[in-house]
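Take a look at the structures below.
In the two complexes below, chain A is the common chain; its partner is chain B in one and chain C in the other.
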Partner chain A sequence: MTRVLITGLGPVSSIGIGAAAFESGLRAGHCGIRPIGSFDTTGFPRVLGGEVQVFDAGSILSRIEPEEWGRSSQFAAAAARLAARDAGLQWERIDPERVSVVIGTTSGEAKVTEMFAQQLVGGGFEGVDPDIARRLPADRLSSAVSAELDAHGESMTIATACSASNYALGYAYDLIVSGEADVVFSGGADSVCRWAHAGFLRLGAVAERTCSPFDRDRTGMVTAEGGSMLVLEKAELARARGAVPYAEFLGYASNCDATHMVMPNASSIADCISAAHETAGVKTGDVDYVCAHGTGTPANDVTEAQALYEAFGGDVPPVSSIKSMLGHTMGAASGFGAIASALAIARGFLPPTIGWSTPDPEMAWLDPIPNRHRQAPVRVAQNNGFAFGGNNAIVMLGAAS
Partner chain B sequence: MSRPVVLTRWAVCLPGLPPGTTFEGWAPDDVPPPERAGELLGRKGLLAKEPATRLALCAVHRAFGLPERAPRRTASDLSPDTAVVISSNLGNIATVARLSTSVREEGVRAASPLDAPNASGNVIASTVAIWFRFGGPNLTVCSGHPSGLDAVGLGHMLLLSGRARRVVVVGVEPRDATADALLTDATGEPGVAVAACVVLEPEGVGAPLHEVAPVSNTERPHVVADRGDDGRSELDTGSDGRGYGAEGVLQVAVAAAVVTDDPGVRSVTAVCGSRTEGFRSALVGSPRVTLGAA
Partner chain C sequence: MTAVAITGAGVLSAAGRAPAELAAALSGTATPECDPGEPGLGVPGFDTRAELGRKGTSFFDRRTALAVVACRAALEDAGIDLATADRKRVGIVLGTSAGSVKSSVEYAVETFTQDRPHMVNPGLFPTTVMNCAAGQAAIWFGLRGVNATLAGGPLALVSVLRYGANLLSTGQADVLLAGVVDELTPHAAWLARTTGLPASTQPGEGGAVFTLSAARREAAPDAEILGVALGFAPEFGDRPAALGRCVRRALASAATVGADRAGDVTTVSMRSTADERQDRAMWRAVCRAAEEAGARKPESLTTRRHAGDCGAATAALDLAALIGRHRASGDLDGRLTVLAAHSPEGAVGAAVVRGWSRGPDQG
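So, the complex of A and B:
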């Protein structure tokens, strides 16, 4: 069976841009959550966001012009360029037809959509700048990455909301295992915007003061943004070129609760966890770390904890939510989780859940790796991603042998 | 992807066409327009569902041959091995534009909690799963013009990798003022309201889907029937090629209908995409022709 290695990481996040900065951010428990600055929050009762405040796409991109693309496409392409450099790919030895791109997103070009709506209100459809319309489609995200890398293989955008990048990573893995690609750039991208923030607010999901996943007094999630990209490479080729992988992609599973649009189902998630373990060929005792979906909403965290308890038979490894630091980066979220998991395996540490102070009696047994990272060997990491509509996707990574 | 799978069910919904419209070798399914979808689906559960979601539900309903207003499946009827793959580029764009506009104009309270889930790009796929109780992998693809065949290819992959035992693939696009404006800007003409559904299984009675693959030696989308010694002929999918994210699934559904009903057709090749986004092709064989011989 073809094996797949993760050989490059490209995070563009509020706690660090590039693999080294992101790792430092995770280790330090840095918080990238601030009052939102990219739109006027007057009238919004909750105003925290995880924005990438220092982002200069032009300083990272090599081939595409940032001004021709929306913010989410810039995040995706910049993350891909960083991942490519991190992987040290020898482009002259790679067939570009065998390099594919699979990107996950929730809201696509959310800020461009907002500009579109603004022009619509101002002057009707006739008043919309054609350039805005051209930059709006969500498939621009994968197109931007393919253009930036000059990758000629399959280029796909998957819009499975907040688990989109785990779905994207899974498909990327299948492309390599099935022999259709040698290298796949995969992850996700999304941007903070007014309408998405308002939507989550009206669902009662947004945190009041801070994002405190798994804490008894958690009040919700924080909308956030960024680009998360990983290089998945056929192991045989990576070994041949002397690449030093972060981790091996062991497998994944996905399912759908098929019960409710906004209420997650613990039993269905537990089934997905067990399926992920089975496809990855691991037992519950092999898993040393769970990078949780951990949004910080009361409903998600207690349901996720119940599912973990059920799937692990009560013996749950340490679990942390990096959303405590980043906020919820939507379609990029499980890509960031995969990056954190790969770093945990490669560097031997467990990223923390910051802002945690009080155990929740409903999950008193849970070890959230509170507030400080922990040095520990990680053989296998489990990366959870869940979404609206009960869309669950779980990726399993392991130490590269 | 060399191993074929089988197209066991299909349906095409083109509610903008006059009732009774037929094309050479196939005919669209009879469905009401989205605002009257309750006549087919039953009214319960359709509150606040968008046109694209309603169209997709109608297409799946017809593909499975369900009677009008058939009772919904219950919680115990879950099909955990049935996956859903949706292709739609503009599915919820009207909701997102309306939400964005109303929040900008009237503030955060203008965002309806009923609208919020509809603003999520995966609302069609998850609604289909909830409605029909499909508990397998659940994906939404929005890859521009090639998206429909991307979705069919993804479904093919889910079967070959053993991640599902049955895949329900739906291509759907709504027709509204927002979608028209965007598509006219992008392509020079508005789209059509369309939903097409194909059901893929590893084996069974139906038309073999031999492969879905990128293709470069083409200039435009097309669907061509191979009639052996009688030559080749182009098929009309009823959309004038304006199905956008739905087009590839529409092409495969029409191909399946034609190869099944017309004994003279050995296979149908479908190609969708655009010059800037690339092209993909799918080869659908006749159920009467030995696999691999098409």
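So, the complex of A and C:
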């Protein structure tokens, strides 16, 4: 069977832009969460967010003009450009028809939606800039990446909310295995916006001072943003060009809770974990690290912990939430999880859960890799992604043999 | 790819609620008019509570309600009884452009008009995400299989068919509810008119959901998806050629997958835009590719004159109308249709569909 390697990483995040900076951020346990600056937070009782405040799309992009695209598309395209450089692809030897793009997102161009609303309030539909209509469609995220890379293969945007990157990565893997593509750029992108911040606040899900997943006293998540991109490459071609892979893509699974739009379901997640292990051909004992969905809300973390306990028969490997550093980057989140997992495998360290101080008695057994990264070999990593709509997706990565 | 069977269709539109009604509308001459005060051609009389009742629907937006009703109609049409099905093996794949734009924009409006900006309705928050309709449909029918939402814009249907074919061929599901449905709201109408509708086209509403499964020789499907190919052309001038390549690839797949009962391309569905010149170039590219495979002057099929422009869902209505036509006449058995699509950004795609009339002899 065709094997698939991860040969390039492109994170555009609040803790680092580019693979090296992101790895340093993970190792150091940097926190990218700050008071929100991209919209006026007057009147909001909680104001933290994980914005990429230093993002300068123009300094990264080579082909597309940033001003032609919304912020999420810029994140996606910039992340893809960084991933392409990181992979060291020899473009002159690649058939562009065999390069595909699969991008996940929750809210697409959320800032464009926000602007639409603001202008509508100001002057009705007549007062709305017609360019908003052009910029709003979410399929523009994958189009921006395809245009930036001059990739002529399939270009798809998957909108399964906060597990969308894992859905995208799974489909990207299938494109290579089925022989449809040689190289696929896959990951996710989303932007911090006023209305999603408000929505999560009203759900009672937003953290007060810090995001501390798996801590007894955790108060919630914070909305965040960025672009997360991975280069998936047919193993044979990657080996032939002498690429040094980060990891091998072993398999994935997805399912649906079908019980509640916003409350995750432990047994359904446990089913998804077991299915992912089965398709990846790994046993629970092979998994050395779980990159958790770990949003930091009281309910989500305990549900995820229960699901892990059930699926692993009580013997759960170390589990961390990089959302403690990044916040919840929505559709980009499981892409960042996949990047962190690939780095964990390639460099032999476990990313920490920062801001952690007190074990939660409901999951006292859980090792959250508190506050400091840990040197440890990682043979197999499991990357969790869950979402509104009960859309669960789990990706399994392993050491490239 | 391996062939995918379409075994049923659930339809909602201003031109009818069944494949047969859509097909009949195509052969009629009547062109519907918008009701005064309406932003376009809505699904007549569609009301969430009247269709689905009160229980479980309080936080449905119109797009979600339309999608659930279309899924229900597709299951009925296909004769699938979920009570006896393994619901972990039944999935949903829905296409969209940006979800319910009214839901997300109105949610954002609330944050600008209230004294306390975060006092939005928590129950409506899920309507702002694009996968709301697919997630609610899964809850409604208790479907725990793969549940995906694809933002494909004009390519939504071909993307859904492509993604669905992959799920079936990799064994991730046995049956899929797959389609594209969109709502008519003042927001959707504004988007449609602003991005440019062709002359004398109204914004519309509705779409279609199909039941898909892996094609089996003994079954009698309405239609089979024999090939789907997608691509991208960043440069405007390269797009007709890129679309032509997709048609060739999809037809090559059809020639392999469906070689047992080869047919000719007689029909093409492609949503026209406000750019007539580009549309003509695209049409020529599609026809040239079809003619290389033996077609002679394929006919253009479009539901837009009768059902309005339903954005991402327009192609789904075209496919439903095609199924209606095939059901009505065995003379069309085995003929091929190309569903072609292109986006303003340069995404291109094509699917090749072979239609059958329903009947015991059509195995």
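Going forward, the second predicted complex is superposed on the first by the 401 of 401 C-alpha atoms of A that agree within 3 Å, B and C clash if a C-alpha of one lies under 4 Å from a C-alpha of the other, contacts with A are read in each partner's own complex, and residues count from 1 in each chain.
Just so it is clear, a residue touches a chain if its C-beta (ideal position, glycine included) is under 8 Å from a C-beta of that chain, and two chains touch if they have at least 3 such contacts.
All values reported here derive from a predicted model rather than from experimental measurement.
Steric overlap between chain B and chain C is present once the structures are superposed on chain A.
Once the two complexes are laid over each other on the shared chain, residue contacts for A:Ala198 go to chain B and to chain C alike. Looking at the shared chain after the overlay, A:Ser320 reaches neither chain B nor chain C. In the superposition on chain A, A:Thr160 makes contact with both chain B and chain C. In the superposed model, A:Tyr171 makes contact with both chain B and chain C.
Judged by the touch definition given at the top, the superposed model places A:Cys256 against both chain B and chain C.
In the overlay built on the shared chain, the residue A:Ala151 is in contact with chain C alone; chain B does not reach it.
Contacts of A:Thr219 after superposition: neither chain B nor chain C is touched. Chain A residues 43-45, 105-108, 113-114, 116-118, 120-121, 125, 128, 130, 133-134, 136-139, 142-143, 153-161, 167, 171, 174, 178, 193-196, 198-203, 254-262, 268, 271, 387-391 lie at the interface with chain B in one structure and with chain C in the other.
Residues 1, 75, 78, 80, 84, 89, 96-97, 99-101, 103-105, 107-113, 115-117, 119-123, 125-127, 129-130, 133-144, 147, 150, 154, 157, 160-161, 163, 177-178, 180-182, 185-186, 214, 277-278 of chain B are the ones that touch chain A when the two sit in their complex.
Those residues of chain A that touch chain B in the complex are listed here as 43-45, 105-108, 113-114, 116-118, 120-121, 125, 128, 130, 133-134, 136-139, 142-143, 153-161, 164, 167, 171, 174-175, 177-178, 180, 193-196, 198-203, 253-262, 268, 271, 387-391, 393. Residues of chain C touching chain A in their complex: 1, 59, 87-88, 91-92, 96-99, 101, 104-113, 115-122, 125-126, 128-132, 134-136, 138-139, 141-153, 155, 159, 162-163, 166, 169-170, 172, 186, 190-191, 194-195, 230-234, 242, 245, 343-347, 349. Listing the residues of chain A that touch chain C in their complex gives 42-45, 63, 97, 101, 105-109, 113-114, 116-118, 120-121, 125, 128, 130, 133-134, 136-144, 146-147, 150-161, 167, 171, 174, 178, 193-204, 254-262, 268, 271, 387-391.
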